[in-house]
Amino acid sequence: MTARFRGVRRRTLDLCAGLSAEDLQIQSMADASPGKWHLAHTSWFFEQFVLARDPAWKPRNEAWLYLFNSYYQSVGPMHARPQRGLLSRPSLDEVLAYRRYVDDAVGELLASHADAELTTLVELGLQHEQQHQELLLTDIKHAFWCNPLRPAYHAAPATEARAPVPLRFITGREGIVETGHDGEGFAFDNETPRHRELLHPHALANRLVTNAEYLAFVREGGYREPGLWLSDGWATVQREGWQHPLYWDDDLSREFTLAGMQALSPHAPVCHLSYYEADAFARWAGARLPTEAEWESAAGQVAVLGNLQETGRLHPAPAEPGDDMLQMYGDVWEWTASPYISYPGFHPLPGSLGEYNGKFMCGQWVLRGGSCATPRGHVRASYRNFFPPHARWQFSGLRLGQDR
Amino acid sequence: MTARFRGVRRRTLDLCAGLSAEDLQIQSMADASPGKWHLAHTSWFFEQFVLARDPAWKPRNEAWLYLFNSYYQSVGPMHARPQRGLLSRPSLDEVLAYRRYVDDAVGELLASHADAELTTLVELGLQHEQQHQELLLTDIKHAFWCNPLRPAYHAAPATEARAPVPLRFITGREGIVETGHDGEGFAFDNETPRHRELLHPHALANRLVTNAEYLAFVREGGYREPGLWLSDGWATVQREGWQHPLYWDDDLSREFTLAGMQALSPHAPVCHLSYYEADAFARWAGARLPTEAEWESAAGQVAVLGNLQETGRLHPAPAEPGDDMLQMYGDVWEWTASPYISYPGFHPLPGSLGEYNGKFMCGQWVLRGGSCATPRGHVRASYRNFFPPHARWQFSGLRLGQDR
Amino acid sequence: MTARFRGVRRRTLDLCAGLSAEDLQIQSMADASPGKWHLAHTSWFFEQFVLARDPAWKPRNEAWLYLFNSYYQSVGPMHARPQRGLLSRPSLDEVLAYRRYVDDAVGELLASHADAELTTLVELGLQHEQQHQELLLTDIKHAFWCNPLRPAYHAAPATEARAPVPLRFITGREGIVETGHDGEGFAFDNETPRHRELLHPHALANRLVTNAEYLAFVREGGYREPGLWLSDGWATVQREGWQHPLYWDDDLSREFTLAGMQALSPHAPVCHLSYYEADAFARWAGARLPTEAEWESAAGQVAVLGNLQETGRLHPAPAEPGDDMLQMYGDVWEWTASPYISYPGFHPLPGSLGEYNGKFMCGQWVLRGGSCATPRGHVRASYRNFFPPHARWQFSGLRLGQDR
Amino acid sequence: MTARFRGVRRRTLDLCAGLSAEDLQIQSMADASPGKWHLAHTSWFFEQFVLARDPAWKPRNEAWLYLFNSYYQSVGPMHARPQRGLLSRPSLDEVLAYRRYVDDAVGELLASHADAELTTLVELGLQHEQQHQELLLTDIKHAFWCNPLRPAYHAAPATEARAPVPLRFITGREGIVETGHDGEGFAFDNETPRHRELLHPHALANRLVTNAEYLAFVREGGYREPGLWLSDGWATVQREGWQHPLYWDDDLSREFTLAGMQALSPHAPVCHLSYYEADAFARWAGARLPTEAEWESAAGQVAVLGNLQETGRLHPAPAEPGDDMLQMYGDVWEWTASPYISYPGFHPLPGSLGEYNGKFMCGQWVLRGGSCATPRGHVRASYRNFFPPHARWQFSGLRLGQDR
């Protein structure tokens, strides 16, 4: 556990290697947070939920408990989210020292008192940190895109030209299936309890929808045809003037990536779609989005491998040929047809950690499978990510489903 | 069909009997519409979807097709919803003449060409009109509440004091059930197809939650405890300053009704709750909301009777004693734990009428059972009403559910 | 005084002759009020400030004191301005009865106790009522314009073709002049005290700017050239998408009038301009707006005659030939280069009536000369009207001025 | 000129000495700018208006012309003001290098081609830079105040206890006076032309209003009495919940300063008032604000000395005893009763620099006299500062005036 703890914590710092104190200061919208805040908040999480279990624990800095609490009402009030970018103090150096301080204290605890409860909490803290690793990447991407200079986070990785993989629909299981976390290894509370679901006859596409496919939708007027859209989606398209995915150039030939502006790769998965766009595309294509139970049933039969954060690509890549379900993990989070609600018999974690997932079960949709920014070992078949239907700054795309 | 057509259409006018042209002109919020607009729009619906099927049909007034279209993008553009209250022209008299004109033309058609397709469309138009009868009542209630004079829509109906019915939980069916419309009689497209659902072990309360029960929640600080609320709900409570249900007086002893300000009746169902409030109350009570499949399974075993519009009460009433599930129909729409999404295999109606229900399947929650403002004959076990989670101006309340 | 009182009060009703209860109910924006509210508020003014001086006076209806107070904080709270359009009760009939009630009571008072103080207060009430007569017209014009049917308030008045009057600049007085009300007849407090002003060398145009002249500004890109605009004006043009005066059709050939859509009359004064537009046009024309002191100095030499409300035209008309300053009164209110602030030594009226004018002396600009909607006898050389710089729904235009 | 150029430029850097790259990155509201942006923009000003006069000049970086343009529409488009805080690139180091680059180029030009036009433009650039020195201080003060840690910009300067100076009113000049810049030394275009103004009988207070005096206004309910306020001011008080000056603690005993939270000094000038508050206080005190001409007439008789930026205090200080008008320069900008409009015969500077002042002559009020953040040598009797009436983040206070 200690090695894993050190490794995950170090990984977060590694992701900031090319970023200056100024880069880590900025917050481009209320939904995103500054990198420095991610660095501090993930440490606060360990302080609040691991170290402060010791009644004798003295906080590093009382005020920081307030500044770096995200949304845990039951542990106290918190700094307003849209104002995180104004905290030039504490400085990056102070935050890095805070990280080391927390690392040392948790390390000591692991060395001396590693009971099951501690291990569980530390593991939760690491999973939490991995979520913030992904957010750190999506948030800096958005912030850099807001800068007319369109700076690059890293050098463009080498890519190989690949022939497109033909689209096939693969019939899924039907009838009652067990779904949700099966109890082995870590899972968030929202993946539980494991329970029975009834699958109706269906099939899922063997791979993700590509830029070339989505471009056809754009070119054939998909963004101008209200009949393809949910009512709220159409209102959003009109209000925001959407004409293509977030980060695409208006000329439809280039997109903003963590390596700066790059040519749109036709057979790479389309990315940075809202639920509204994924849903409209599926309708246009005569298909639908998979339900999360359908997706999970298929995903359970595939190894958890793919274009995840560790490839260093940090951008979705064309499918590699294969007969199975492809691209189930990594590349892009896949919007499902399932609103994010609790599983039958769900109970949040006890205490303040019960605020982690349950209170967000309204107005969001489930995404599955992880993305090119998700750390390896963090995602699994039962993993439920969730975002509001208009959100586009995550690495989000889609796979088609069908009734059978 | 002709008699039914005449009857439903007349009923709409009857509901306006005590309202002046000025009362029917006003629009108190974007979600509500003026009474005059309801009168015109329900006629437009017959003109657009019944009369205009005849290629030789000449519209009564071209401009009115624009003014009285609600949200059917595929038949043309429409007047902005928040501006419906500005249409002093056409006058109420012109709108009433328009109604007679449409009534005569549809009557003639029914007398001369009554094929199955026509009957189906007219029936849809009547069901649509019945929905607007309910909205007309909830909208004028809201508008009158915005007037500091708090005028009454009708004289207060006589009420009898009743002893409270003790709360009991009745175990529901478990396993695979058929759900959705069974094909007999009218249904909206969103109630189809009939399909299998898997019910988990559960029980439902024998009656609705009462004012007295909800008052305890209010008095014990329910509106001040974030841990009871969904995150979006808590944000709404804070932003709007909610401290009790809509229409309750701050002194918690009186509420605004269609008969003006009245004393709060302790054993009558609590009403004008948002989903957020219904959900928070259920959590506080150690229970949860029923799913729509659970509700439908229970409702299928009960006759469609209750305190509906025709009682003339237009306000929820205390339960009458009984051993069965009580108050399943009428009184208040019951918030369920189910987001409003499509049933497996759902297909919207063909053509423009496909915009009726399907495009709203995002961001809303299902309510079941009808209310004191719902016309008899309009509601049924499979009926799915839906509103966004913050909506409070409908007659909406809740029944508790439990895992077993 | 009694005859004048009856006459002005009757005139208000005459202006509503062609309007239905529905027309008088609607409020198209927060800046405008429903006709019914104008009818009630002007009566409230007499009740509050004339009748209620008698300590034994019993208000007609306590609640109405709240509903029909506009902005007099010192007499009590008031109904929120943007919600005036929701008051379907009291009905038009009740409001008309209220008017009669107030008329009778004031009439009786005038007959029995007509001391100087009473006469002064009644005269203030009548001047106030005349201001609301003009607002009633501008407000219903705006409301009707919001209706896609573009209804007409009255039949189009006959107009005669007139040759354009050539533009000339007439040199004004220079040096110290007396300005402000000279003490004869009625004046508002903001026209006092009469005081000395220093006029710098200048000249004023002999007539108002015409539609043809303004059209040249539009056609030559005036709305696309930021260098012509004040910074706030340019921001408004961009945000609101202004491309021409309010009420002009996008084809630049027609405009909405109280007689419905009409061809733009080239030599009639341009109308429904904001201060920003008047200022930008003047800059484009190599001129400037007159100061209010310059305007008043010129206006004092001209009879108070012109195209005022009583012509029944209710729209600005081309200048009639003449050697003097033309169109100084009537047609359109003329934006001046003077912010609306107090005169040196200004004291508001004592008591609540001190809220009439003084508290608005921030963020507004002075307009002079009355319009085609101003009643005869209401305007004078010293009269100071004022509106915020973005306001366009009044009959507002401009006359050019120059340094000499 | 070269020495002065070097000196002013260096002074800007000196003001940033205690600030980190993160501190210089943040923007706490749209009205404020990041320190880094101030550093870059002041250099851009020299590049755009001095260096780019040479047709052979190659911009340091084309994109920076866009990023660091503030509001000069005629030289090209500009980065959106509220997004200045998102520019983590260019880095502080790059901006500092840009400053050196511009300094060298301007220095070379001054050494080789110092004609009158160049000198005039460089002087304008330096005056511009001095304005941004003051803004840099007020902006970082606001940003630090938004941080719950309330960090200090500098160590608290030593202060000496001083007895209060009694308030006296000193009669001012009456009749026609010359006002505006007299042609000696630098002035902005808005101080010209020198022209005649008519002063009415008046007197001005011998010193600024103090914290103790303003505290009495607060304690006696000044913020709860609508009759003391302009209508827009009262609406702002209600909407924003103002109960005391910006930066005062709710306990009315402490205030936030550039040295962090400090006890309120009773005899120091009250500071960080809006025009609305200054105006309301004056009304409460039975006085009024001075006009700018009255102020200028008095200020012309006093040496330009006071608690300016160079004292290092960066906070207003109690008046030192004396018989003359005290505190005319420095301490706080004094709100006047004069809207910011052009002087008679005003012409903006030719070309793009004409956008400097003239286009803001709407909706703002004139402030006079400089503040504790204004550099020595920058302010003078004719200097006209201007801000909208709600602005509070400048060092702004008031001196009372009276009619005589």
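By written order: A, B, C and D. Residues from 1 in each chain.
The rule we apply is simple: a residue touches a chain if its C-beta (ideal position, glycine included) is under 8 Å from a C-beta of that chain, and two chains touch if they have at least 3 such contacts.
Going by UniProt, the chains are A, B, C, D = Ergothioneine biosynthesis protein EgtB.
Since the structure is predicted, the reported quantities are computational estimates derived from the model, not experimental observations.
Q: Treat each pair of touching chains as one step and give the shortest count from chain A to chain C.
A: Contact-graph shortest path, chain A to chain C, evaluates to 2.
Q: Which whole number of Å gives the spacing of the CA centres of chain C and chain D?
A: One centre to the other, that is 37 Å.
Q: Could you put a whole-Å number on the gap between the CA centroids of chain B and chain C?
A: Comparing mean C-alpha positions, chain C is 46 Å from chain B.
Q: Roughly how far is chain B from chain D, going centre to centre by Cα mean, in whole Å?
A: For chain B versus chain D, the centre distance works out to 58 Å.
Q: In chain D, what residues contact two or more other chains?
A: none
Q: Touching pairs of chains, all of them, please.
A: Pairs flagged as touching, ordered by label: A-B, A-D, B-C, C-D.
Q: Any idea which chain D residues touch chain C in the complex?
A: 71, 73-74, 176, 195-198, 200, 226-227, 229-234, 275-276, 279, 337-339, 341, 344-345, 355, 359-363, 389, 403
Q: Can you tell me which positions in chain A touch chain D when the two form their complex?
A: It is residues 20-23, 25-26, 28, 36, 63, 66-67, 79, 83, 85-92, 143, 146-149, 151 of chain A that touch chain D.
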